[in-house]
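Labels run A, B, C, D, E and F following the written order; every chain starts at residue 1.
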């Protein structure tokens, strides 16, 4: 991958999100277009252009951290589903994802872990079986 | 490691926590002794005897998930410090831990990420330099 | 407006909520009628009869505070929508409301800010264009 | 009730949940079957086999505590509904349940209390009148 | 106790809080005196004059609900300690209080339950043994 | 990289934070220096270079929103104190700040509002009287 120093945060963030979950990126741009288009740029720039583009942690580990946090928060179901899909995209197995979610029962209790597992079930069910092997 | 099938959840949990963070295990048993001694057993059994002993995710990944969640929760500072230390014990580098915590700014905002970084700073400072190399 | 000293907290709260968002007040009374009718009175009395009726902060500022808090909480979507509408009713522009919600990304992260923006989008879309000019 | 000392935590938990809310137990086993079947066992074992089976607090008091906490959390609506039903099953009156939920306004504010009351309204409405007298 | 129908919410709330935890009431009035004295009145009026004075649930049950919620919230340690003491004042045993707190591990995880138990330990230790028998 | 009038996000953020609360900016840079120096840059860039520098809402309104949110969150006491001070710096009166915090009792309950008021009391007390008139 040859990148010139001039790649902007926005470009880098768009590229990162496209690799992690391209569909989710497109959806959020479309959804924000008529209410807060700048916010879509911030979303590309800070989370993906700055944080996910840092070298110290690979994307598998980053998605484990994110799935754990979103399960723990318990109030961000749409974003949890996006990152369960993103986790699969960057190479986590379904089992690694369910293990991460189950573990949250220890830290935030059974309801949040159950709701996280049901989100995973919904995401896994929506994936065409032939499309991804495990 | 030869274990008979008869190892109880309590024994398995004690063994797991001893490997992850032995000092923390001893501290919690002592702290609970005169108020809720059974709770120390539950703590060994469910989190460590059941969850951390499952094969589907290694301890490095489990500690990333836990550090992410405890940072995100923002109200469990003593437990976050225990798991930052546990993260180092199971082989995470300081950088991997700070990356995990910084990433939480995306999901739960800057205050919780800052408070998580300050917790890590305190844990890292308490470690005798010669004791652990990075 | 001439008011005798004898206006009760209930009357004052009903009057305040009617000015801020009359429809919301009627809805909550109806919804609570068969389960907890007293609670509708508490809702008029303390939040609106006591707090919103205090002189130290105007309603525009109060709605900015409330929209910020409800966005930050991330688990009170129906109430957030009521107060986005209330914000418009007391004179906030759509832009001031979306700025307030976007700012929450700093303090509670992007998921809660995104979900807040989508709530605003829904409320704004439900308003008949001719009904309110900006 | 004659129980041999050999009743396992799983058996004890299944028996406890069956008494508290049998339908909910069956539902969760079915829902978890294809994603995380072990998690259904943990759910029987720790919450119901360990905690609810402890002698120090009767089930009425335990359900008051649980309804209070789930209302306060504000992000576990399915579990709150299960425990409102469980509360009725162990002998709480509808009034005791609504009092518990209303009280939460003091500690976590009006939105969470309102959403809790609406959950109770939904559960109460689903109960066949002849089925349970108050 | 002869009370005229004209007892105000403020008077009723002060009387209720004095019975539940007189010292805590005095402390909060003193602490708020130079910053928000009206808020002390609201605190007497709504929580204690309105809610705790309702007939549908006795104070033992109300304190179980409050201790559960404050433990679950995990960010209101001073108020949790006040209500652990209040629980003892209205007749809960230490065991009933620790059972309530331990149960929260199921709903909000082990860290919040542990921190709740340590709060209880601190409150119990501060009570002169001869002063209260169990 | 040569930037003319196009002041960088970092420069703009540093300038904004210096105006809002210069001491806090210096403190956070110093505190992060040996653990996560990049994070200090992110903090200048996104919150202050991007969000607070947007034209749609003045700093008084922004600080009301932030004080409301940080009070509501209840787990970010150091940041709440910084923004109470920042509120005074951008022209909010002590009364406007306490009104904002008191109002949070409606949305997140009395404990978080009380703890917010005590944070304000501490910040107000630390200000040399002659230094700021109201």
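The rule is short, and it goes like this: contacts are C-beta pairs under 8 Å (C-beta built on N, C-alpha and C of every residue); 3 or more make two chains touch, one makes a residue touch a chain.
Note that the coordinates shown come from a computational prediction; the quantities given were computed from them, not determined experimentally.
Under the contact definition, subunit C and subunit F share the contacting chains A, B, D, E. Subunit B and subunit D touch with mostly matching residues; of the residue numbers seen at this interface, over half occur in both copies. Equivalent interface to C-F within the set A-E, C-E or D-E: D-E (over half of contact pairs identical by residue number).
Ranked by distance of CA centroids from subunit E, the top chain is A. Its C-alpha atoms fitted onto subunit F, subunit D is found rotated by 180°, rounded in steps of 5.
Note: centroid distance subunit A to subunit C, computed from Cα atoms, is 32 Å. Distance between subunit A and subunit F, defined via averaged C-alpha coordinates, is recorded as 29 Å.
Once the centre of each chain is set as its mean CA position, subunit B and subunit C turn out to be 42 Å apart.
Among the residues of subunit F, those in touch with two or more other chains are 38, 42, 46-47, 51, 54, 70, 73-76, 79, 98, 102, 104-108, 110-111. Chain contacts here are complete: no pair of chains fails to touch.
If you check the complex, the residues on subunit E that touch subunit B are 74-75, 98, 101-102, 105, 110-115, 117-118, 120-121, 124. Those residues of subunit B that touch subunit A in the complex are listed here as 46-47, 51-52, 54, 56-57, 61-62, 64-73, 76, 79, 95-96, 98-100, 102-108. The touching residues of subunit F, when paired with subunit A in their complex, are 38, 42, 45-46, 50-51, 54. Within the complex formed with subunit A, the residues of subunit D that make contact are 28, 31-32, 34-36, 38-39, 42-43, 47, 70, 73-76, 78-79. Subunit A makes touch with subunit E in their complex at residues 104-111.
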